[in-house]
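Below you'll find the structures, each written out as structure tokens.
Below are two complexes that have chain A in common, paired first with chain B and then with chain C.
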Partner chain A sequence: MTGIVGSNFLKVDARDKVTGRAIYPDDIYFDDLLYVKVKRAPHPHAYLRKLDVSKAEELPGVVKVITATDYPDLNKFGLIIKDQPVLVGIGEKMRYLGDALAIVVAESREIATRALDLIRVEVEELEVISDPLRAMDDDAPAIHEDGNILITHYLDKGDVEKGFAGADIIVEREYRTQHIDQLPLQPEAGVGLYDEESGVIKLWVATQWLHDTQADIAQSLGLPREKVRIIQPAIGGAFGKREDISVHIHLALAAMATGRPVKLTYTREESMITQSKRHPMIIRAKTGATKDGYLTAWQVEVIGDAGAYASSSPAVVHKGMYHCTGPYNVENVRGVSHAVYTNNTYSGAMRGFGTTQMAFAYESQMDILAHELGLDPAQFRLQNAYQVGSLTPNGQVLSRSVNVRETIKKAIEMSDWKGVRVE
Partner chain B sequence: MKITITVNGEKREVETTPSTRLLDLLRDDLHLTGTKEGCGKGECGACTVIMNGELVASCLVLSPQADGAEITTIEGLGTEEELDPIQEAYIEAGAVQCGFCIPGMVLASKKLLEENPQPDEGEIRRGLSGNICRCTGYQKIIDAVKLAAKKLAGTGKLAGAGKSRGKGGGR
Partner chain C sequence: MKKKGRGMATIMFGFGYGEGFPDHSIASVEIEKNGKILIRTAAADVGQGVLTVITQIAAEVLKVDPDRFYIIQGDTHLTKNSGSTSATRQTYFTGNAVKEAAEELLAKIYHYASLEFRSNHPQLGVEDGKVFRHDDPENYLTYWQLAEIVEKKGERLYGEASFFPRTYAPDPETGQSERMYVAYTFLTQVAEVEVDTDTGLVEVLKVDSALDLGKAINPQNVEGQLEGGTVQGMGMALMEEQVIREGITLNPDLTGYLVPTALDSPRINSCLVENEDADGPFGAKGVGEPTTIAAAPAIANAIYDAIGVRFYELPITPEKIIRALKEKEKNAL
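Take a look at the complex of A and B:
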């Protein structure tokens, strides 16, 4: 393998990217291209009572305004649970500010944008739930039919009661993290083209799950998969944000409805309001340790704000919980995690997939414990850190490539950490 | 309305409107799509071009403001056969990831190296402070600028140093 691993290679598409020749979705043009804009929900939690698009349709240059009335048989979509509507219909609910009410197709970007303002919307407002703790109250209105707790997972290893009984010190704290946008530099964009003869929809659009996205679009439109073709251009960053459907189905509808090539590019604001975020989490951690600095028990309750739709929440929130002890050996662990619907922008995948939030909690717990025990926090970490043979909270034996102790030692060395004086 | 602009050395007459941004004119009308839109607010630097010798965010320039201007976009650097040394340096230093920020980064690097052929790390960081990379590739981008400075010193290609500079639109 010498010559491959450890060697530098020039990136295959770097030349196209430094010359500006690489084609990203928004760089694709057709002569008879139409521009698409989406009318979003004016309220984060409300019933749609009236939707009047007539003024928008009358605006010169507007080719088509699509609403749920035009496509009553569309299926919901989603990565794990199909709970997200393509278009909110009359009498249906909007659950966050990114929900789509209408799709405007026009001769220019400017006309499409102006048409959005001409669409009249009447809603019946409901209580807006922005806090997952409120969403979990018995008297909270249900955002989805089956209630606000999307999914609950449990974790049990050893005997935490015994572990806490054997502890000399127990630290119990609550940690909260915030929404973070992955913010790939290229906003969501794509071009769609419908070939009437073959019935194939071509989409030039970025995705992190090409075949899953193809399948999800197809089931949503009620088409066989071979009628949806996705062509992946250069991708201007993803970081988890491009796992979810964004412009895809709206582009397909616009292309089918007009028979012309269509382009939809989100503004940065639209990207922030509409597409996934890193989950805000409430993490309640209880950790026990002995006087000489060995962890005996760790208990955690995790509440992840899923926002309006499930996206990757069923996987992200409990993965976070599984990492509740970080890279430290703990014999006795118990956990519960809830992914909870709110009317916030939905949460999904982002680098780390739930573990990043947890790191804030477990490393804070480690610092507080070290401080209370009068131990050097680096030494305290080192003596509890995983080694080959360690058993993770969810029962995985770490059989190879466990380098956390070396990493800590190297970090001590590189940062010139002198330790804390224990008085 | 009609405006005249010189883009990458070529004089162009373009039909435009008072509300068209220079960014849209370059992309939609001239199909110079190397200039990117990341935020539309002059924050991210993806739409950076050089206008009358100054770095500008082309999303903040209205096309009539560019009437008579000389503009360099990423397509104006190097030739089909031979890349600009700055472009070469970006490839060799591994500074390119998703690439969406790279046209703006390369142009900001060009402007920096024209004014300061041997910048230190702090000066490089300041020179690129108007450009955001979200793949977090900054370290290698800084390496690329250092490498470009070396290459340019070697070839004597300190293009444009001392060129007259126009007003307006600067970041």
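Take a look at the complex of A and C:
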């Protein structure tokens, strides 16, 4: 019974998934199940002045409409910074179109959806900030109290001035990346059930970090952690999108308010507008090299569009910056990164966590330099690539498992790349 | 006209939370009475295969059929913190926690069996869920028989372990840190594309990938990650964009937001560079995120190779290509 590690052992969840036996949150039913829908902000940046839910409450089949007035003591939530409201109250601000104003609980999904249209909202509109560069202007209205620059990080190794002075060629370019949705096949969904006797709220809902999500829900509701029990059904993909709270707290409130099992499933549209995105980034990169093709200095400035709430932004944008040189030896590195609030759908975690955007910049820089120096791009990469003992932009010594040169050589072989000699 | 081009990208990814942020995973392994072995973990399997990976690891350590295992996961009230399924960390963190828990359990199997066999560790062996003396292998105890004996003593055949490596917070002014991330994964890809200069459409024909991952616990799952990651990166390079203007999403649906389908997928050749030289279980490193990172720059570089135009904004849509080619033509006149 050895050799299992390293073998193509069948995925333990494969049979259930291909036969349809796997239970996803939306597959869970109870006889007295109620359906939940969320009224979202009608404007990306505005004060909520009036919220009239009376017509919605009168609609037959509507069991309950919950607003911030019903739960005035809810705490904000968020992965790193707790800046996201569960429900926007009267006089409070909505900061993007995903902000929740009211929760409708009804006997059917159709009734709940119809009730949303009966909710009357009056807002006082503010300037919408969609461009992070505008958000950084001194005269831009502050989306959050402490201003629009959420966080700034710095990187400084060696002496970039000296490095650029020693370069025969310097390439300076600006790169831009886009809003991307992680697009897991299964949209956000969950079922909640409140047990009055024990005071425990059970939530069948996906999360990428069970205990952290539990802690965030509990602090938001002002409950001890053990009163929130999360059970993971099958998870239909994540890619970073299930790190943030989505249906969780709204389900808990609906379950507590009605005492009946409740289900909330996002539409694809709701999922795309409400939940996190890959950060659009503006990356200004300046790279110096000698004429024989060795890197001497690398400088970057990164501006990441955090959108309306912090989510993972305080960790994503500078992680991108820390990877600014790619896997190449550069003695002199300097960088600055800003995560900036806007009124766009908030950005968060997505596969690569800021380094995916940065790779587009550094690997374009490498390609441009190779062409301008008249070197083969593969050879140029190979001769600058890390090996054991190399120092990252953070000054970390790579002491083991640094086989990047081997990957370049293998790729050269596999693709029959001409113009480079592999020793 | 159709023009072919080829581009390379080499990337690195520091995995785990890093930056001194506490990062750990707790797991347990227990011999149950019903002929099964129970693993407990809170690691979320989002489809990537962590539950498969830890089953393989525990089976390898305990020398037992992997079908004997069942897993309790995904319940806050029945598991301890395993950290998130993110940061490319579960194989490395929960893989190591399960490996250590299984080793702890194996040590107990040896200990209690040595009492039964009036022997000591070096004289004992385990195979196929059985423990025995080397000089008398027919006279064995199964793990489950041993568990019953141990239970009568008020003990359990149980191992629990956590994996909690340290990293250090970077200096706020310089970003310098002795150990920023627990380890780094590297990947090189060569993309071959064909650009239709009349329509601006880019077809990705082939992607050759070489991944430095230490050790593949399950090679097929790694190839799955590489193929999925590459196609996701292709989406970033060529078509995916949620267009948000003045805070309003203009394409909140899969009609207006294009993602690559199986029909768009290129041939992907994978080479797994295995030196078993990392600190993960059996020398493994994480692969989840790195597999998507190289595709966009490799494709962008291949487009440059094909048509001589460099793009600085993603995605590189047919409209952008046509516009750039027209501009190039105009400038040439």
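Throughout what follows, the second predicted complex is superposed on the first by the 417 of 423 C-alpha atoms of A that agree within 3 Å, B and C clash if a C-alpha of one lies under 4 Å from a C-alpha of the other, contacts with A are read in each partner's own complex, and residues count from 1 in each chain.
Rule of thumb we're sticking to: contacts are C-beta pairs under 8 Å (C-beta built on N, C-alpha and C of every residue); 3 or more make two chains touch, one makes a residue touch a chain.
Please read these numbers as outputs of a predicted model, since none were measured by experiment.
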| item | value |
| --- | --- |
| Chain B versus chain C as contact partner of A:183, first or second or both or neither | both |
| Partner chain(s) touched by A:57 [first = chain B, second = chain C, both, neither] | neither |
| First (chain B), second (chain C), both or neither touched by A:301 | neither |
| Touched partner set for A:8, first chain B, second chain C, both or neither | both |
| Partner chain(s) touched by A:24 [first = chain B, second = chain C, both, neither] | first |
| Contacts of A:236 with chain B and chain C, given as first, second, both or neither | both |
| Contacts of A:331 with chain B and chain C, given as first, second, both or neither | neither |
| Touching partner for A:110 - first (chain B), second (chain C), both, neither | first |
| First (chain B), second (chain C), both or neither touched by A:411 | second |
| Larger contact residue set on chain A - chain B or chain C | C |
| Footprint overlap on chain A, where chain B in one structure and chain C in the other make contact | 8, 10-11, 13, 183-184, 235-239, 268 |
| Touching residues (chain side chain C, partner chain A) in the complex | 6-14, 17, 19, 42, 44-47, 49, 51-52, 55-57, 59-60, 63-66, 71, 73-77, 79-87, 127-129, 170, 172-181, 183-184, 186-190, 192, 206, 208-212, 214-221, 229, 232-233, 235-236, 240-249, 252-254, 257, 259, 269, 271, 273, 275, 277-279, 281-283, 285, 288-290, 292-294, 296-298, 300-301, 304, 310, 312-315 |
| Sites on chain A touched by chain C in the complex | 1-13, 44-45, 96-97, 128-130, 153-157, 173-181, 183-184, 206-212, 214, 225-226, 228-233, 235-240, 242-243, 268-269, 272-273, 277-278, 315, 318-319, 321-323, 326-327, 335, 342-345, 349, 351-353, 355-356, 359-360, 362-364, 366-368, 377-378, 381, 385-386, 392-396, 398, 400-404, 406-412, 414-415, 417 |
| List of chain A residues in touch with chain B within their complex | 8, 10-11, 13-24, 26-27, 29, 109-110, 183-187, 234-239, 265, 267-268 |
| Chain A partner contacts - residues on chain B that touch it in the complex | 19, 24, 27-28, 31-41, 44, 46, 73-75, 77-78, 83, 87, 90-92, 94, 96-103, 106, 132-135 |
